[in-house]
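Next up: some structures, all given as structure tokens.
In what follows, chain A forms one complex with chain B and a second complex with chain C.
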Partner chain A sequence: MTAYIIRRLMYLAPIVFGVLLVTFVLFTLIGGDISQQIAGKHADAETIAEIRHEYGFDKPLFVGHKPLEGDEAVWESEKEGFILALKNERRTQMEEKAARKAEKSGSRTIEPVKEPQIAEYQAKKEWLSDLFWKRVRDKQSGQAWEMVDFDSQFVAHFTKAFTFRFGRALDRERIGEKILRGIGPSVSLTIPMFFGTLIVSISFALVVAFLRGTVWDHAIVILCVAGMSLPYLSFIIFGQYFFAYRLDWFPIFYAPDQPMGYSVVLPAMIGMVAGLGSNLRFYRTIMLDEIRNDYVRTAFAKGLTARRVLFKHVLKNAMIPIVTSVVLSIPYLILGSLLLERFFGIPGLGYLMFDAVSSRDFFVLNALTFIEALLIAFFTLVADVCYAWVDPRVKFD
Partner chain B sequence: MTDRTPTTENSNEPVKGRSLWADGIRRLRKRKLAMVCFAVVMMYFMLAGLIYLNEVLDWKITLFDWRQAVGPSYQKPWVGYEWTPEGQTAPQRDWVFFGTDFLGQSTWRKMIYASKTSITVALFASIISILIGVPMGAVAGYFRGWVDDTIVWLYTTVGTIPGIVLIMAFAVVLRAQTFFGAELKGITAVYVAMGLTSWVGICRLIRGEIIKRKESEYVLAARALGCSNRRIIFKHLLPNVFHVIIIDFSLRFVHFIHAEVILSFLGLGEADKPSWGAMIDAARTELARNVWWEMAAATVAIFVVSLALNIFGDALRDCLDPKLRTD
Partner chain C sequence: MNCRLFIWIGLLPLVLMPGCWTKDAASDDDEAVYRYPLPTKVKTLDTGNVEDVYGMLVVSNICESLYTYHYLKRPFEVIPMLAESLPVISDDKLTYTIRIKQGVYFQDDPCFPGKKGRELKAEDFVFAFKRIANTRYASVNWGAFKDRIIGLDDFREYTKQFKDEFEVDYSKEVPGLLAIDDYTLRIRLVKPWPQLVDDLTSAITAPVPKEAVDYYRKDMMTHPVGTGPYRLKKWARSVYLELEKNPSFRVETYPAEGAPEDAAAGLLADAGRRLPFIDRIVFQIIEEEQPAWLLFLRGDMEIMGIPKDSFNTAVDIQAECPTEFIQQRHIRLSISDQPSLYYIGFNMQDPVVGRNKPLRQALNHAFDKDKLNELFYNGRWRVAHSVMHPLMNEYDPAIAREPYTGYDLQKAKWLLAEAEKIQGGPIPELTVGMSGSDPFSRQFGQFVQRQFESLGLKVRMDFTDWPTYVEKMNKGQHQIFGGGGNRFSTPDALGVLSMFATKYFAPLGNSFFYSNPDYDRLYDQAEVMFPSPERTIIFRQMERMVLEDCPVILNTQRVQYILYHGWLENYKPHPYLYDIMKYIRIDTDEQKAYKNLEKELKQKIKP
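Presenting the complex of A and B:
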């Protein structure tokens, strides 16, 4: 068992690495330098350079470099020497070629060679040097660099993630603080919603599984599919309009001076109703799988009542997949609900995510994506371990 | 009429068995509800196709001309009214089927036009995810070893990031980026993002199916005959797991339609053309003025296509893969 847990923990490493790779490709390689966007349209070069430095856009992508001493002049002379050497090399090559050609054709005079053109060649070298060359010229500032360490955007991406220091968001606030502040409201919305849905759908599922094959069963399955087919947004907008605006039973929007529980009731109920269809259907399938088993037939055969069989025997065995699905849902509970939080103005992580999307704040998006992936990977592991622990039939390999 | 059961004994006629597909489709035909749902889905597809043809061939069908103002702002459905169209002086009597929006455009026409957006997004996203997921799953399941490890690592990684977050991140980042000279804008970014992020499920399914079947007799026979690996995978194995792809496709379609609605609402979708997400979003301010029809139209449109797809997909699964049957 311990060996199994350790092996699973070790399997976490490549997944975390993969997630960081995906976020790096997404937000740094494709997303690119957003300093212009941060600075605004009319920013001068100095401000942009400052922003680039602060967010680390001036660092090279993969391999770290240090500013070369005596930068501009040294770089220029280095470059000229480099080009000169290249040209000489090229010229000797061309002369040798011309000599060979002359020898072949038998003529005595060797044609003079043209001045070698290496602009394109040089450009290619410079392009390659961005990644691997010893000295790199930063395209915007004209600064010369020397490769010494691994102070690059790629490494910074990893250190940021592992130390959980994600820096500042576009509105100058620390991302870590933002996230910590958002967890409370998110959890106070999602936990009542989740457990409400769980209890209602499991009890319904037991009843429906008992009624299987009857008209009620078919009607409830059809209702579930219908509920799954309605868009989530319609549930939210209609619920908010009808119960908060029309009937005025609940507050329309989150008010900071009121207790959290007050403004969370309506969104939690809406989320429950919207999620009931798919959940009920899922748990019904689990219950039906259990009910087909032999032990249920035995229990009925020895004369137990239906209630006793359902609650004592079936529910206990169905607890394994139920607990697994609950454990797997924990990271999503911490994440909050993007749409519900957006509509009801609850300042949780979902709202933070929405804000980050609409303001194109890649730093917040990056931090949130990483933390969510980490949570999901961890709780998947917990679910697997729980499963192996509860069910002795699972082999540890 | 009863089917004659084919017998091999004392019979010179070749025995004609039914293929998996013929069998499945025969079972499906018996389900009236599933066939009705299939017809509904096909109707949506034909509508989307017609709107495309209308744009390309410039047929000028009035029903698809959602830009035209047909009445005053927020006109109620089914009620006759008098109004003066722009550029005319005399008021005229008119009525409109499903009301008008703020700009006086017909909600009915917008709802119909938006089906093109949704169907396009869902179709292309499905195609992209199948094109990525199926070959990768097949290769991983067939070769195992380090190929399998790499692909499993890849899909576990992508699967670890929550779906809607990944789609949003892709859509935000991909917007207004240029790849190979083509700029990704509007719904293109949406379906590329969805396709690139949602191949995990089908990849995992296909890998499992291939692992189950790669030691079966027909594969061994093909190998004994000297078929190349590529031929075995694409000519022998994939046709035999094709029903898994079809079932997954039909059930995934609904998810794509719903995701498109959410992305449109977040402002990541089609900007200047109608979409169901944008129509529902507009209802946020409209409902307070008792303008319910725009949201109702979009909701009904989504509801009908999702319900039809859900029921048809379930029936398809039951008929093509009886082992997966849930009830």
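Presenting the complex of A and C:
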């Protein structure tokens, strides 16, 4: 089992690398430079440049070239010589091409060659590249290595993730502080919500499975489908209006001067009710699969009570899918609930995520995505290990 | 056994939470708390970098500026706040000498020796202005100071040599910005700046103690240190901000004069009483409208704007008064103009729309602004007829009767025929850039598209995110674009007219890239003129030039509908003043009685 766990942990490395690569492509390459957004609509170029520097947007994407050390004049003259040679080379190539074209078409006049359009930037790049390889050939690889600038956005992206120092968000607050502060409220909402849903749906599923085919079974299945069909938002809007405002049983919104527990009761209950339909149907299917087995008939034939058969034998044997579902849900519990947190003002990670999406705060989104990916990868491993705990037939080879 | 385990795990977080079932502990307290819902989070409380309305709303209660507007008087009148009097202006209008009040102290803060706030000095203003000029500080407000004060632009150049904002030596003298002594500030200008006193009412020009910047450095954004009536008690980012009374606030009293109707409205009842009245201000960030509305109805918020979906519940738009539902709760309605402008802009550098005036005019006359107002703003906003707002002194009411902005499809079609002659054929497909892709932006975009298509034109909508939209606008890559906002922070109309001057091409404000040498000449002339009948004539000339050339289709101007509870006294909206909370008083007895009233009224609602 230890070897299995080690092997699985090693699989995490390419997964994490892949996640970081995808987040880099999504948030840095596609997301683009958001310095204008930070600087405001009418900011001047200098302010934008300063903000680009502060957030590292002025760094090369992958690798860059450091300024050359040594005599600047020598380097400059060498560079100019190189660019000139490159231009001449291009001119010769183009003249030859034009001559070939004229010959092919049988024309007597050769089209004059325009000045080769070599951008200064391109030429500089080629010169640096040439210099780099020349140095490598000259066995001065150490020096060549120094020329490469690894202080890039790509390297910074990985460094931030591995050190868990995610830097500052768009509002210039430290992302680490934001995340740590959000975990508590999120968990205090999602844990009661999750376990409440779990207990109620498993209990009902057992009963419904036991009463399969009866009017009760049909009624509950219809209710489940109806519950699943209603948008999540309608549960929130109705619950908030009716239970918090009309009946005044719960706070409408998170009150800063009240304990968090007081504010999460209603959203947790709404979350439970909204999630009940799909959960109950899922567990009902599992229970039905189990309840049709021979050992259940045997247990009833031996005279065991329905309660004992259901809760002791059936439930125990249905634990594999339940454990999988529970363990794989843990990362999402930490991440909170986007809509519930926003509507009830619970300052958790769901709210933070929603806020980051709406304000295009890629720094926060990046950090949350990375953490979530790590949690999912880790809890998938935990779920696999848990199989052995609940089902002795499972072996790790 | 498994079942029991699950039950305990499920209940554990609830059991562990102390005081889980205690309710409304603060309601017995007699202290006056003003609770205000903020629809979006506040980014920063650092005055040098604050730019958004909500940031200003909070920080203006903590940090004061040299001048302010009189709370009650209309038309708007500038009065001293931290200054002792209005500035002494030299004959050439280039030197401002400002005396600062003595005995004004910064709030107590750990950044000061012994945590005791020190006295305000003229040097604190000099430091604050230089800090905004510091390139490494990257202030979003630098544009307000650029090319204005002698030596300040050179100071900005000087700061470029440093890598960090804190390395800059602030003792380097700026000739145009001098603290003559502890209580005298002298500002020398490159050219006359008639809006300077208006601009000095903004919290971005508030004094900043250098000790605070040295102490908090980058965290200055969460630790504002000012001289205002309130100080920051707690800021739970993205959740709420709490301000408490500043015990060292100087003696300031409620105004004894106001507009003619103010005495009858009871707005002068507290004249001469010491400010502020309210003990605490709680800004709660509530981004969804339903919870904010329900909290307000339950009496847990003192004031709020009306959500679009609840507008008919709250306001009888025909009678312009609150509905019975609102009146039963003794809630009051305030309707006030907001100095704003929303428009559809043309890129004047575009080869199709930029060179074809009849085309722009045709699109202008094909755009039904009344319908837009009805459809998107419940018909409660103002249809714009001028780039200037009716709250501005130079606004000409006759402009609405002139044939610039009216909806006239026949005229539009005739103009389109002219436009096609210039184009030399049918008008190619037009592209309209819009920021955002949320349902409102989509609906708005569809409306714009349908208006233009009514002329038989082919129109494509380009919905982009905000940064892309701004980038395209600043680079002149939009052909036509939707824009606007609450962009006028002072009653002076020069700000809005600058949107059409060549020297303010985007990103500085002229996103239309409108360039008219006659307009520029008049702008340069008017820019250095103080308010006068001559200046008003020039402003109106410029306004008509813009309307004639039509670089913009004017849509609407915001009218603010605010509901506030009957226990809130002295409330009078002011479009340019953010720190009105110090004038407001709460009748706590009436506030408590509301809970019972609301309970009774709720019982009457049929399920």
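Throughout what follows, the second predicted complex is superposed on the first by the 312 of 397 C-alpha atoms of A that agree within 3 Å, B and C clash if a C-alpha of one lies under 4 Å from a C-alpha of the other, contacts with A are read in each partner's own complex, and residues count from 1 in each chain.
Everything below uses one rule, namely that contacts are C-beta pairs under 8 Å (C-beta built on N, C-alpha and C of every residue); 3 or more make two chains touch, one makes a residue touch a chain.
All values derive from a computational prediction rather than experimental measurement.
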Partner chain in contact with A:I175 - chain B first, chain C second, else both or neither: neither
Partner chain(s) touched by A:M228 [first = chain B, second = chain C, both, neither]: first
Chain B versus chain C as contact partner of A:Y245, first or second or both or neither: both
Partner chain in contact with A:I237 - chain B first, chain C second, else both or neither: both
Touched partner set for A:R360, first chain B, second chain C, both or neither: both
Which superposed partner A:Y254 touches (first chain B, second chain C, both, neither): second
Which partner reaches more residues of chain A (counting touched residues only), chain B or chain C: C
Partner chain in contact with A:L266 - chain B first, chain C second, else both or neither: neither
Chain B versus chain C as contact partner of A:L198, first or second or both or neither: second
Doubly contacted residues of chain A, that is, touched by chain B and again by chain C: 237, 241, 245, 343, 360
Contacting residues of chain B [partner chain A, same complex]: 153-154, 156-158, 160-162, 164-166, 168-170, 172-174, 177, 254, 258, 261-262, 265-268, 276-277, 280-281, 283-284, 287-288, 295, 298-299, 302-303, 306-307, 310-311, 314, 326-327
Parts of chain C lying in touch with chain A, wherever the complex brings them together: 2-3, 6-7, 9-14, 17-23, 25-26, 41, 43-44, 51, 135-136, 138-140, 142-143, 146, 156, 160, 218, 221-222, 234, 236-240, 242, 282, 284-288, 290-292, 294-295, 297-298, 300, 465-468, 470-471, 474, 507-509, 599, 602, 605
Touch list for chain A against partner chain C, complex: 32, 34, 36-37, 39-44, 46-47, 50-51, 54, 170-173, 178, 187-188, 191-192, 194-196, 198-199, 202-203, 237, 240-241, 244-246, 248, 252-254, 256-262, 265, 311, 315-316, 319, 342-345, 347, 351-352, 355, 360
Chain B contact footprint on chain A (complex, rising order): 14-15, 18-19, 21-23, 26-27, 30-31, 212, 221, 225-226, 228-234, 237-238, 241, 245, 284-285, 288, 331-332, 335, 338-339, 343, 353-354, 357-358, 360, 362, 365, 368-369, 372-373, 376-377, 380
